[in-house]
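Letters A, B, C, D and E mark the chains in the order given here, with residues in each chain numbered from 1 onward.
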C-alpha cells in the first residue's frame, strides 16, 4: 500500500529529525523508536497484497486456493523479529541514558563531548 | 715517454735551475715592490742569505710529529708539482716525470703541499695558525674555481689533458698560443693565477694586521728554510704550468725564464695596485665574478671548438 | 474506505510523532510515542497482518512505553537524590 | 538556528533520495516464489495453520532463535549495565494506590493464563511465543507497579529463562538429529491439522519462547526499576 | 566432522545456561565459558583443515529445507578462515579479560560469548535478513559489553555508537525488505540471480541503501567519529574484538553482498574505502592518544581492505579467487592480528599517551611484539601485508589503476609516519616504571605475534613468484635464531655472525659476475670487516645482530635477485634491518624516522615502477626483461630511479642522511654509510644498464640527473663544511660523494661508469675508514662536537693516521686512490662535453678540502683539552678494520689497474667504446694518462729526500710544551682559549649566504607542516557530539548517492 509506505517514510523522517535536533537523550531515543515504527510500517506494507486476508489457514481460507487469497507471511515474520530487536535496542539505549544521567546529572547530548578529534 | 733512470739526473738539474730562478725572482720582485713604494728595499740576493742563515740555525723546537712533517709535505708538494710538468717542449729529458700524469695530476697535486702545511701549522697549537689556515684554504678553494674552469676550457679546446700535447698544439708562432686563440679562458686563468699566488689583493692569509704572524711563524730555522725553498720552487712551478698551457710553452730554458718572468711580474704589478680583500669578500668575488666570467668563457670555448 | 481509514490514522500518527518530538514534557512525549505504535498496530490489521498487530500492540506500545516510563522514573529519582 | 535549517535541508534531500521507494514501487499482485511455496506446502509440511508461525518457528527458525538471543542479550545487557556500583544507599520505594493493588491481585492470574493461551495457540491463531511472553511480562510488571513489597525472585527468573532457552536450543538439536535439520519441527508427529496438539514441535518451541521472552522482559523491567545506585 | 551449526548451539546453549552455572561458582562458569570458546575454535579449525585438504564447501540447511526456502549457513574456505580468526580472537580476548570477568557479573561472559557468536553468524549465514539479525546480535552484545567499564567517556562513546548503528540497521532493514520484494528471495545467492538491477530506480536504490548500511558499519570517512570514540574509550580487550572481530564480520557481509553490486557501486565502495584509508591516516598524524591512534589506523585499514576488495572485483577478479584472497585477505588478516595485538598491548600498558609507552622497553618480548605489529601494519617483509601490497600494486598496475596505487601508497606512508614515530618515541624514552604482565594478558599478545609472523611466512609461499623467495629462507632462519640467542654475550654472537657471513660470502662471491661481483665485495666482504668492531662492545648488545644480518640479507638478496619480487623483498629487508641498526643510536630516533619515511617513500616509487614494469612486459616478474620493454620506459625509469635516489641521498632527498648516519653507533655508521648507500647505486646500475637514455619529450632524463648529481656534490660538500659534529660532517660528505656516483652513471659512457664505480669503491674504503676512526675517537672522548676536541694526535696516533689517509683519499689529492676519480672525472667531462655540470661538480670537490682539513685539524691538531689528557687510543677491534682499509686504499692507489681493469673489462659489455688503454699499469685515455704507481713512487721518493734533507740540516730538535707559543705577547694557559674550532668556516658562510640555506629541509618541513595542519583541520570534524556524527552519516550517504547514482 503506497500510502502506508509514504506514511512510513514520513515517520522515518520525523524520527530522524527528532534524533538530529533534540538535545535531550530521551527525546533522541523516542525519535529512534518512531523511526523504527516507520520502518516496520514500510515492511508490512511491502508484503501486503490488495484485498487478501491474513495468512492463517482456517475456516475462512480455503487451503487449496490459499495462494491467491492470503498476503505474504514473510514480511510479517520479519517485522516481528524487527520489533523485538527494536525493543532490545531501545531498552539498552535507555539504560545508557540512565547511566549517563547518573554520571553527569544531565541528559543534554551536547554535554557529552569528552572525546573528540 | 716512460721512466728512465737518467731522467732523475735531468730532473734534479731542472729543479736546480728553477729553484735559482725562483729565488732570484723573489728577490727582484721584493726589490721592485719596495721601489714602487719609494723604499730602498732588500738586496736581490737577500733570499739566498736568509736561506743559508735559516738552515744554519741551531736552535730548534718542535710541537710534534706533524709539525715536523708539515714543511716536508709542503716542499714535497712544491717539488712534486714541478716534477709532473714537462718543462721544455720537445726535450726528452727536460720533460721531468710528466709520464706519470697529465694536467689533472698537477692540478690536484697543488693541494698536497697546502694540506701538509696546514697540518703542520695546525699542530703548532697556535690559534692564529688555525685562523690563517682556515682563511687560506677558503681562499685557495675559491681561487681554484677559475683555475678549474680554465683547465676545463683548454681541455675542451685541445681535446686533451696532456700538457705536452697542449704545448705541442700551440707551437708555430704567437698566433697559436691559447692567449690568442682563446683570450677569455686566458683571462680567467690569469685571475686564478693571481688568486693562487698569495699576493694582494688575495693575500689576506698572510696579512700582518689581522694575523700578526701567520701560519709559518711558528716555523723557524731549518723548518723555515724548507718553507723558503718551497717558496722559490712552488710559484715557479705554477708559473711554468701557465706558460705551458696558455703562452705557448717553451722550447728552451731562455724562453721559459723570460715568459715566467713576465707572467710573474703581472702578479706583482696587480698586487701593488689593488688593495687587499677581506677573506669573505674574496670568496664572494671568486664565486660571483670569476665564476660568471669563467662559465661564459667555458660556454664560448665549447661553442668555438666544437 | 480503507484509504480513508489509513489517511485518518496516518494523519493522527504524524501529528503524534511531531508532538512526541516537540513536546517539552518527556512523559507526554513517551505517551505520544506509545500512541503511534498503537495506531500502527491498527494499521497492521488493515494490512492483514494480525500477528504483527499483536506484537506491535504488546511490545511497541505496551512494553516499550513501560520501559520508557521506568527509565524516566529512575532518572527522576536520580534527580531528587541529587 | 542555522544548524536547524541545515538539518531540515539535508533531511529534505534524504527524503528526496528515498522517494523512489514509494514512488517507483508498484505493489505486487502475486506472492513471491518463496512465499508461494510457504503458503502452498506449509500446512502439509509443518502442520501449522498460522503460516506466519510456520515461517517464524521453522522456515526462518534461526532468525527467531537469534531474536530470542537478542532479547536475551538485551536483558543480560541491561542487567549488566545497571549492575550495582560499589557504594550503596537505598531509598524506600513508594507505595502505589490501593486500586491498582487489588486490581492486580484479581488480574494477575488471568493475564498469566491469557499469555499461556496465546503462545500455545501460536500455530493456530495470530500471536505466539513473543506475544504470549509479552503478555506474561505485563502481568508481572503490573505486579511490580502495584505493590511496594513485591519483589521478583531473580533466582526463579533466571532459572526459567535459562532452562527455557536451553530447552529451545535442545529442541533445535533434536530437529537436527531426529529430523532433517536444526530447528526442524517435524521430529514430533504433525498431528491433525488445526488442533492444539499438532504442527510437530511448534507449540513446544513457542512455549519455551514464550517463557523465555516473558522472563527476559520481566528481567529488563525489573532491572530498570531496581535500586542499585 | 562436527556440524558448524554447533558453534551457535554451543554458544547459545552455554550463554543461556551460564547464569545458572554461575550459581555453582565462578570457577564453573569460567571453565564452561572458555571451554565453549575453545570448542568454537576447534570446530572452525577442523573445518579449515578439512577444506584446505580439499573438502567440499559445506551447506547447512536449517529446518531441513533447501534455500531459498529456509535460512542456510555456509562453511567454505573463506568462512573457515574468518571464523577461525574470530574465534581465536574470542578465546584470546576472553583470556585477556579474565580478571574483569572474575570481578564482575556473569553477564559479562554471556555478552562476550554472544558477541563472538554474532560475528560467526555474520560470516556464515547466507540469508539477508538473518544477516541483519546477527548484525544486531553483534551490535547489541557489543553495546552492552562496552559497559564493562562505566565511566563517562565509555558511556558517551557507547551511546554515540548505538545511535550510528541504529541508523545503519534501519537502512539495512529498508534495503532488505525491498530487495526481498524485488527478487522474491531472502537467500543472498538466489537474490543476486533473481534481481534485475536495471528494472527500476527503486531496485538500484534498495541495493544502494543496503550497501550504505554495511558501509557505515565499516566506518567510512567522515561518518566514523563514533567509532573513534569507542576505540578510545572502551576496554582494550573488548575493543580488540570490536576493531578486529566485528570489522571482520562486517567485511564479510560486504563480501557476501558483492554479487548484488554493479560496477558503479563497486567503484563507489573502492572510492570510499581508499578515501577513508588516506584520510584517517592523515588525521592519525595529529593523534597522541594511543588507543584513538590505533582507532584511526583501524578505520584506515578497514577502509583499505574494503576499497581494495571492491576494486579487485570491479576489475573482474573472481570474488573468491586467489587474487582477492591473497590481496584483500592478506591485508585483512594482517590488520586483524596486528590490531588486536596492539589493542591488547594498549590495555597492558594502560597509558593514554603514545609518548608514555616507554615501559615496553623493559619487556623485550612485548617490545618485539609491538615492533612486529607496526611493521605488519606498514607492510614490510616478512609480514602478510607486504606480499599483499606487492601483489596489489602488480595487479592494479596491470589494470592501469595508478591513481589508486598512488593514493594507497600515500596512505601507507602517512600511516608509517605515526607508527614509526611512535616506535621511535618508545625506544628513546626514559623508563621509569616497570609493567607487570599477567600470563592471561601476555599470552594473547604473544600468540598474535607468532600468528602475524606465521601468516607472513605463509603469504610468502602463496604469492605469485613465491618459489623464488626461497633465497631468503636460510638467512631469515638465522635472523630468527639470533633473536632467540640474543641472551648470548656479544663476542659469541659476533664470532658466529662473522663466521657464517664469511662462509656465505665465500660461497656466493665466486658465482657473481661483472658489477655484481664488485658490489658483492663491497656489500659482503665490507660487511664482514665492519662486523669486527663489534668486539669492542660489552654485554649482550640486544637486538643488534638480528637486524645486522637482516640488512646484509637484503644486500645479498639484491645481488642475486633475478626477479622483481626478490629484488623488492631484499630492498625492504635491507631498509628494515638498517632502520633498526640506526635507531640504536642515542639521539638517532627522529633521524631514523626520517630515514624510514624517505626509504619507504622511495620504495613505494620503486614499487609503482615495478608494477608498471610488470604490466608492460606481459605480467612477468623477470628482472632481466627490463632491457627489453618498449612501453612507458621513461616512467618506469623515473619511478625506479626515484626509489634508488632516496637511498643514494641525492640533493633534495638527502635530509634523512646526516642525522641517520651521524647519530648511529660507532660501527653502524660505517656500515650504513660505506656499504648501504651503495645499494642505491646498485639499483641505478641495474636500471641504467637495462634502459639506456630514456627521454621525456626532447629532454634526456639522464641529462637532468647529471645536474642533480653535480648539485648534490656541491650541496653535500658545502653543508659538510659547516658542521660542528664530526660524524655529521662525514655524513654530509657522503651525500656529496654519492653525487659523483650519480653523475658518473648518468653519462652513460664507459668512462663515466668507470668514474662512478671508482668513486663508489673509494667512498667505500675511505668512508668506512673515516667513520671507524672518528667513531673510535667519539667512543673515547664522548662527544661528537669537534670544537670540544683538539690535540688528540698525541693520544690517538693510529686514529690520526687513519683519518689522514682517509682525507687524502677523500679529497682526491694524489698520490692516493681518490685521485683516480678526479682524473677520470676530467676525462669524461671532456669526452661527454657536459662541462657546465663539471664546473659545479669540481667546485663541489674543491670545497671538500675545507671539511677534510677541518676534520683532521680540529680533532687531532691544536691544543689538547684538559679532560682529554688521559684519553686512550680507540679499542683494538675498532682499529683492526681501519688498518685493513688503509692497506686497501694503499693497494688501490698503487695498483689502480688491478681494480679498474677488470671493472673496465666487464663494462665493455655495456659500453664497448672509450675504454681505458692500460699499459703496464699506466692508464691512457683519448685525452690523458695517469700512472698510479709512478705518482706514488715519485711522491714517496721526493718526500723521503726532503725529509732526509730536513733531518740532515735539523739538529737536536727540542720538543716543547703545549703552550710554548706566542699568543698576543702572552703565554696562554687554557686550551679552550687557543683552539680555534667553532664555526671554523664562518667566512664561507658569510660569503655564500644564500647558497648555504637548507632549502631541502625547509621544503620537507613545509610539506610535513602542511600535512599536519590539514590533518588538524580535518579532524575538527569530529566534534564529539553524537548528533553531529549522525549528521555526518546522513550527509555522507547523500554525497555518495550524488556521486554514485546522480552522475
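Note that in this section a contact is a pair of C-beta atoms (placed from the backbone, for glycine too) under 8 Å apart; a residue touches a chain by one contact, two chains touch by 3 or more.
What you see is a predicted model, and the numbers here were worked out from it, not measured in a lab.
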item	value
Shortest path length from chain B to chain D (each step joins two touching chains)	2
Which two chains share the largest set of C-beta contact pairs	B-E
Per-chain Cα centre nearest the global Cα centre, belonging to chain	E
Inter-chain centre distance, chain D versus chain E - centres from mean C-alpha coordinates, in Å	54
Centroid distance [mean C-alpha coordinates] between chain B and chain A, Å	98
Inter-chain centre distance, chain B versus chain E - centres from mean C-alpha coordinates, in Å	53
Rounded Å distance, chain A centre to chain C centre (Cα mean)	11
For chain A, residues that touch 2 or more chains besides their own	1, 12, 16-17, 20-21, 42, 47-48, 54-56, 70, 74-78, 80-81, 84-85, 87-89, 91-92, 94-99, 102
Residues of chain E whose C-beta touches two or more other chains	129, 133, 136, 140, 143-144, 147, 150, 174, 178, 180-181, 186, 1031, 1034
Chain-to-chain touches, reported pairwise for every pair that qualifies	A-C, A-D, A-E, B-E, C-D, D-E
Residue ranges of chain E touching chain B (in the complex, touch as defined)	791, 793-794, 804, 807-808, 811-814, 819, 822-823, 826-827, 829-830, 833, 835-836, 838-839, 842-843, 846-847, 849-850, 852-854, 856-857, 861-863, 922, 925-931, 934-935, 938-939, 942-943, 946-947, 949-950, 953-960, 962-968, 972, 977-981, 984-985, 987-988, 990-992
Residue ranges of chain D touching chain A (in the complex, touch as defined)	4, 7-8, 11, 14-15, 18-19, 21-22, 25, 27-32, 34-36, 38-40, 43, 49-52, 54-56, 60, 63-64, 66-67, 70-71, 73-74, 77-78, 81-82, 124-126, 130, 194, 213, 220, 223-224, 229
Residue ranges of chain E in contact with chain A within the complex	129, 133, 136, 140, 143-144, 147, 150-153, 155-159, 162-163, 166-167, 169-170, 173-174, 176-178, 180-181, 186, 225, 228-229, 232-233, 286-287, 292, 1019-1020, 1022-1027, 1030-1031, 1034
Chain A-facing residues of chain C, complex	3, 6-7, 10, 13-14, 17-18, 20-21, 26, 29-30, 33, 36-37, 40, 43-44, 47-52, 55-56, 59-60, 63-64, 67-68, 71-72, 74-75, 78-79, 82
Chain E contact footprint on chain B (complex, rising order)	2-3, 55, 58-66, 68-69, 71-73, 75-76, 79-80, 83-84, 97, 99-105, 108-109, 111-112, 114-115, 118-119, 122-128, 130-131, 133-135, 137-138, 140-142, 144-145, 148-149, 151-152, 155-156, 159-162, 212-213, 218, 221-223, 225-226, 278-281, 283-284, 287, 291, 294-295, 298-299, 302, 306
